[in-house]
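For reference, the structures are reproduced in the following blocks.
Next come two complexes built around subunit A: one with subunit B, the other with subunit C.
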Partner chain A sequence: MELAVSYEDSQVLLKDKNVLQDSVVDKYRTAGQISQTALKYVTGLINDIYHYKTIETPLTISEICLLADSFIITRLEQYYKNKVNERGIAIPTSIDVDQLASGWSPEIDDVKNLKNWNKEITSEEDPLNSSVTGLLKVGDVVKITLGVHIDGYTSEVSHTMVIYPTSTNETGAIVPAGPLLDVKADAIAANHIAMETVVALLACALTPEKLPASLGTAVTGQLIRHIVNTVARSYNCAVVPGSRVRRIRRFLAGQNEGIVAEREYKGVVWTESHQEAELLANSDVKDLAVATNSSRSVPSAIPVDDFTVNSGEVYMIDLKMVPVGHSTKKGLVTLDVVDSAQGKSHRKNELVARSGIFVRDFAQSHALKLKTSRKLLTNIDRNGVYPFKLSHLSENFPIVQDKDYNEQIAALDKDLKSFRLGMSEILNNYLCVESPIEVAKWVPWEHILKGSNQNGALSYDATATLTLPGHEVPLPKLGIASLKLKSLMKSCPETIDLPVVRECTTVVLCDSDVSSGDKPELLRLTGGSKTSQPSWIQSKLELNSEDSTVQGIFQLATLVKDKRFGLVIRETQPMKQVVNQGSKENNGMEL
Partner chain B sequence: MSGLYTCNSCSIAFETGQDQRDHMKTEWHRYNLKRRVAQLPPITESTFNSKVNSLSVNEAQEEAEKKKQDKRQMTKKDMRRKEKEALLEKKKKLLQLAKESMMKNMAAAQQEQTQQTAQSAKEVEQAPIPVETSTETATAAVTTAAAAPENDEELTEEQLAEKLMKQKLESQVEIPLETCLFCTKKTFPDFESNLDHMFKTHGFYIPEQKYLTDKKGLVKYMSEKIGLGNVCIVCNYQGRSLPAVRAHMLAKRHCKIPYESENERLEISEFYDFTSSYQGFMNTETNITKDVPAADDGNDEEWEDVSSEDEDGATEVTANKIIDDEEDVPEEYLYNDGVQLHLPNGVKIGHRSLQRYFKQNLKPEKELTEGQGTLVAAETRTFLPGFDKKQYQVRQRVWQTENRDKKREDKRAAKFVNNQPYYRDQLLQ
Partner chain C sequence: MPSKNSINRPKLTTNVRSKQQKLARKRDQRERAGHFNQARSADGSRSGEARSVALDLYFGKEDTTARRDQSHRGGLTNKTLSKKRSQKIERNLKYAQKRKLLTDVQAQLENNDEDSMSVDSGNKNITRKQEIQQAKTIKNNMSLIREALWSALDDTSSQGLTLATGQGTTLGGAYFP
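Up next is the complex of A and B:
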């Protein structure tokens, strides 16, 4: 590697800057406030368009993403100006509908392209139709993901919304016509319960004596995984690979996962290999020779569950769940990366799209040939280390209210053309990596067992996108590499897409010296009751109260409610006046 | 026993070796050692101490005065100017002296012509001032260093110069205007024809004749330099006598008036009048001094204007403004880091000898932001070593030799291959 940082510098950057102080907590809190406000802004926009119908011409998903990013940048202008070197969008706003698990953040020039590429997906019934047209429809599960960072202190949030059919109640207010009753409801319920439980669990790390006895004595990675899996199982759901509960540090908020093999990774990740282990444990197969792949990475970079949550750390809880109750068969939930190839192997019902989010890989260096790409790369490097969209690099970004909206969009569109040209060279030389658009798929387990890996158990697919160190092979025990898994996925007619539910929140475990009260408290930067209220759903399933783990979960819930002796959880509120201003903006926006 | 430990430089003896060693460390001994090197007799300790005292008192006074004067820090420019002024002053004094003596001589010659009789009286009056001064200095020297017998050595620089002057005046040979400066005993009917001769045969060219006001004075000054000072007019070579200097000048072709560096020009500037050229061209004059390339003395420094490294890191030589002559180096620089002069306007001037480095177009060193630094610090990926050109070349050579060997082998093997279609082996018949 060409670049290097001295040992002293790396100690400062990785250790000293991550020690929680008042100034650091302040930055986290401000970042949290802005992301909460932005989330409120996006949900407000969607509500206005699809529920209250106050906006006549509906905005497409790409426009909402662009407006949300503009909103964040304009809000950020007011905070820590000239006080910090870097602040900005931690993750471009993405709006994933139904089976899309992550990364759906099309540029405005993609709206036409998407319609051209996906001519087969025309029927209103097709769940992918909303993504292609950019317009949501009733019954869609919409995941909004966004994030803000100030000086590298990051808060990310994602929240699941449901588009309801509306009716007017007796007071004249517009309300949903009824609760969601689908299998999607199970996933939403499971995800919400899991999220709240994990937040409470992390709060227990500050006061380990309050941890319910049935859950053990310390908050460990294994415990987190066990609880989340228990909740998911009770609601007939599966945790989607790519979910994680991980410690975040300054500038290391998971945005570079899969690119940077991060030193001292601490967190629980859910991958296909965990599902595989569970499925194999339940089967009669006992004599599987387990091939151990000696990973090239430093051991601390490989995520393992063997850790204890400590106070003074910041955690990101990013949980995605899918309902798997459609079949009695066992199956594997995996993610399929959407690409823009339209060749022979392309199926008619598959989505064709290009990802709008890119991540810079600083370990790579290459002398670019095109002037456009060189210019673009300097621009990208100036933008920071977080994922970005090409429109963020334009001079016409952010979109402001003072100027004509259509003109601004046209100017942005023009800029994007030259950026696309430069970006292709940058991508070809691996200076940037596309952050993939992923679709959740369910593949029957028996079909996978039929497949075999001719290349040997240790072979793995080097081109697989963004794999965590130590988890390069999705199914290590069966020795199935990602390319093989992809072919199995395509070859099986029973493979189906599953609607994904996602919740993400960032929490700061404040010790008593930095907490607002005298007791140690958990500062919930994003999510919570103010912005991430669960949708109105009804699920037939419920937790089995006989189970000791479930009893522990109930105890945690009562502890959270107990203001006096329970767990102290403080939620970051969205900015009130700003929200009003934001809604005014909606109304005032000429569209 | 005392004869064992002696000091030859100070001509004293010691009782013990320790005394001798201590003595060797004293300043007095060192001073005597230096005198010995200069082939001078040693002085006693008391003389040495008195000398040191007088000197230190002087120094202290001078320093105090200097401090008062130099409240504002003297810049290098000022210092250099002062030095130059002092030098000019000295020269002027010498010239004045020479002129005076010359006038005296001329007057004396006239007197000689008119009054043949007063020969002996004139002899006394020949050099009244130098004689007087020399006697004065002699007495002063006697009074200051009464103990020292060799007052000759104790003379100050000024006194020495005057003494030298006296000697010179005694051995002076006057070259009249009608006589060639360089040839021995070549006289012409008039001054102009003499100049013509000198120009044609010796290349004695008088520069800037347009502005020359006192031609005779200039030639007279040169003749003084040769005749009185026995100094070469070009290289200031000090000859022992007039014939020696002439021989030097003829042999080295040093028969011209040097007119290149500023010093040289200033030396003969009193015979010129450039005021007519000033009208309307106040700046052309400075240009002339700048543009005329100078054959400089040893420590000439030539600086080039090199644009400061801009953000792209491209170091490019924008202006090759070569400034000659030490005096013309921009002197308002902030500091000299040994490689470049840093001017207050932000321009860095590099030396010509480093031009090849300034011309390089290197990639700028990448400065990481905190975010990038954090990512790099957290990185644990290991990468394959990059493409090594040298290693590749070595490998290529190996492949080439392998190929050659293989070809040769094949050729050799081909000799034993039978290509005849209907060949019948005789042995098998």
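Up next is the complex of A and C:
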């Protein structure tokens, strides 16, 4: 269904409100500042618990998520109060460990359930153990994702941390015992380099004459994809489906991808079909490999690489990578959705969980029967178009410092009980959609090619996760639909989980009229050297400096360092007096 | 259903229902008036052509005339094709084919009067053959792609793409960022 919005209104909403003015940039910057501070807060908490060990009873993942969201809300209170209609959490804080790719943000009442549902996962070595117990362990790759919006101007951030064994150095400070060495290190290196390169590349879009000659003359979608793929390949990694480098606009920050088809989608997305196309391009049958749906006359909701990055736009760079060096075989990297609905008894070593994050689907309407659910829906609708967690709707949210922590948690837990009841009716009538918890899987191509596929792409998966328009069929050349792919994934004994590394940042391409200096500059809202420093890793692999693309990447890196003639990149800093490296009593919060 | 004045009338249900019905009526009106349609100048516009939902569904064409359906591609729809209707379409297609054959034959008869008998059976064979041929080419295409993928797998499994000769990459340092 399409909502009837008049042409003039849609022009105002989509065009005028997205023109970068000082007021708009300031909203973006404030949102970025708060997300940076919140990220610093979460990393500080995790460091305190697992590295400095200043907090005795460790907080579980669900508690950290809740505290981070409370922190964001409390911080937001100070900015743009009564000046804008909407401001809040753009994406609830989620903390994904190892093979979880996105969406792990359990509520506090889920802790007991998770242990009950996953009785098979008890051993300490099982990588899923950390997610089930909510407590991290040494060697875990932890992805923190959060976001803030002010008046729809959104900044999102993801950062990857590693939990180290600790030792004390000669000055008495607690330091990591050594760098991370295994395949996870490759993925972290690749992701970091790819992220920094793409940021520099987007900065080049402001001054195209500075773009290294080996990379072409303009910053296009193809170039971004080529560079990210090159970096991933040289570190023996694969880009996980669902990664994207996309333009964001007011209230259109990718939070409703798959639910709402966004007109004029501009961005590079990575899906299974791109892995298929890349493999086909390697084969000698060249005429089959030309399957680009490039050249389009009208802007559509189908993402294609055929675009040029312009100044005055805002981009979100969300890259996820997995190491694929465990085997010499080639395989497809895909995502499996965790659910709590089916096959609890026979699935061994597979995670059973329910999603904690929901998105309202405003196209649906239904008269709900229960009073609880009607009340809840009113509450949800007040929340706006961004994803939410049930605890956000409670009156006992946010958790504040000057009240007793355990009492607040108990009150929240009580509220959640009635919310769960209401939410089930809302979900059953499709008024809200669960945002999926995804696990990265690797399936050997052999298995996919050997399997018969009688129905072709016609088999339809009603429970399929949110897909972008034009990418409903994961492997279009082979004609394998998502349902078939799922069954292939389940039936193959060689399928394994892969640890995912994720970095996400939001950048504003400021023209000279809104930049702080007189030159056009790239304003990096989130991430960067202050909050998203890479963890200590040592990878055996490196970039091949004889490759022309890699030379271009190196040139970009030198351009970023050059203050006078190079690219101007400014980073939003987290606020001062951020993290009180505190103890459990005040939960390390300075609210 | 209790009357409007009765003591236990469900106020909300009736009100909501009537409101929804009102809205639905308005929406239908707007749709019938063509407010949701694409502009006639648009690429996907099928303005002026005969329009049938059933035929669109049968041939797997998406309905491009109504713009509102674009947003729900791949999602839920209320447009269905009954078995009876699809059988009718199939039957009509058969008739159409026969009619076409007939006109072909007549045209050929007008062109050359001899060997009128062989044309009929010959044409029938061709259509059947064509069908088989089509099915074969589809299959061939798929197997070609499969072969290409197999060859790509064989090619690259031996070849090392990565470089592990140098001193590698180190990021970060001995501190907790």
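As a convention for this text, the second predicted complex is superposed on the first by the 548 of 591 C-alpha atoms of A that agree within 3 Å, B and C clash if a C-alpha of one lies under 4 Å from a C-alpha of the other, contacts with A are read in each partner's own complex, and residues count from 1 in each chain.
Just so we're on the same page, a contact is a pair of C-beta atoms (placed from the backbone, for glycine too) under 8 Å apart; a residue touches a chain by one contact, two chains touch by 3 or more.
Keep in mind it's a predicted model, so treat the numbers as computed, not measured.
Trainee: Report for A:N236: first if it touches subunit B alone, second if subunit C alone, otherwise both or neither.
Mentor: After superposition on chain A, A:N236 lies in contact with subunit C alone.
Trainee: Is A:P469 in contact with subunit B, with subunit C, with both, or with neither (first, second, both, neither)?
Mentor: After superposition on chain A, A:P469 lies in contact with both partners, subunit B and subunit C.
Trainee: Between subunit B (first) and subunit C (second), which does A:G384 come into contact with in this model arrangement: first, second, both, or neither?
Mentor: first
Trainee: Given the touch rule stated above, what does A:R250 touch, subunit B (first), subunit C (second), both, or neither?
Mentor: Once the two structures are laid over each other on A, A:R250 reaches subunit B alone.
Trainee: Check the residue A:V19 against both partner chains and state whether it touches subunit B (first), subunit C (second), both, or neither.
Mentor: In the superposed model, A:V19 contacts neither subunit B nor subunit C.
Trainee: So, does A:V260 touch the first partner subunit B, the second partner subunit C, both, or neither?
Mentor: both
Trainee: Which partner, once the models are overlaid, touches more of subunit A's residues, subunit C or subunit B?
Mentor: Looking at subunit A, the partner in contact with more of its residues is C.
Trainee: Kindly classify A:N85 by the partners it touches after superposition: subunit B alone (first), subunit C alone (second), both, or neither?
Mentor: A:N85: touches subunit B, not subunit C.
Trainee: Taking the superposition as given, does A:A4 touch the first partner, subunit B, the second, subunit C, both, or neither?
Mentor: A:A4 sits against subunit B and subunit C alike.
Trainee: Overlap the subunit B and subunit C contact sets on subunit A and report the shared residues.
Mentor: The overlap between the subunit B and subunit C interfaces on subunit A comprises residues 1, 4, 260-261, 297-298, 301, 363, 469.
Trainee: Quick check on the complex: what are the subunit B residues that touch subunit A?
Mentor: 366, 368-383
Trainee: Residue numbers of subunit C touching subunit A in their complex, please.
Mentor: On the subunit C side, the touching residues are 12-13, 16-17, 20, 30, 35-36, 42-43, 67-68, 70-74, 142, 144-153, 155-157, 161-164, 166-177.
Trainee: Going by the contact rule set out above, which residues of subunit A touch subunit B in the complex?
Mentor: 1, 3-5, 9-10, 13-14, 17, 85-86, 152, 249-252, 256, 260-264, 296-298, 300-301, 362-363, 381, 384-386, 469
Trainee: Spell out the part of subunit A that touches subunit C in their complex, as residue ranges.
Mentor: Subunit A residues touching subunit C: 1-2, 4, 43, 47, 51-52, 164, 169, 174-176, 179, 188-189, 192-193, 233-236, 260-261, 276, 279-280, 282-285, 288-289, 297-298, 301, 325, 328-330, 363, 365, 367, 445-446, 449, 467, 469, 472, 477-479, 532-544.
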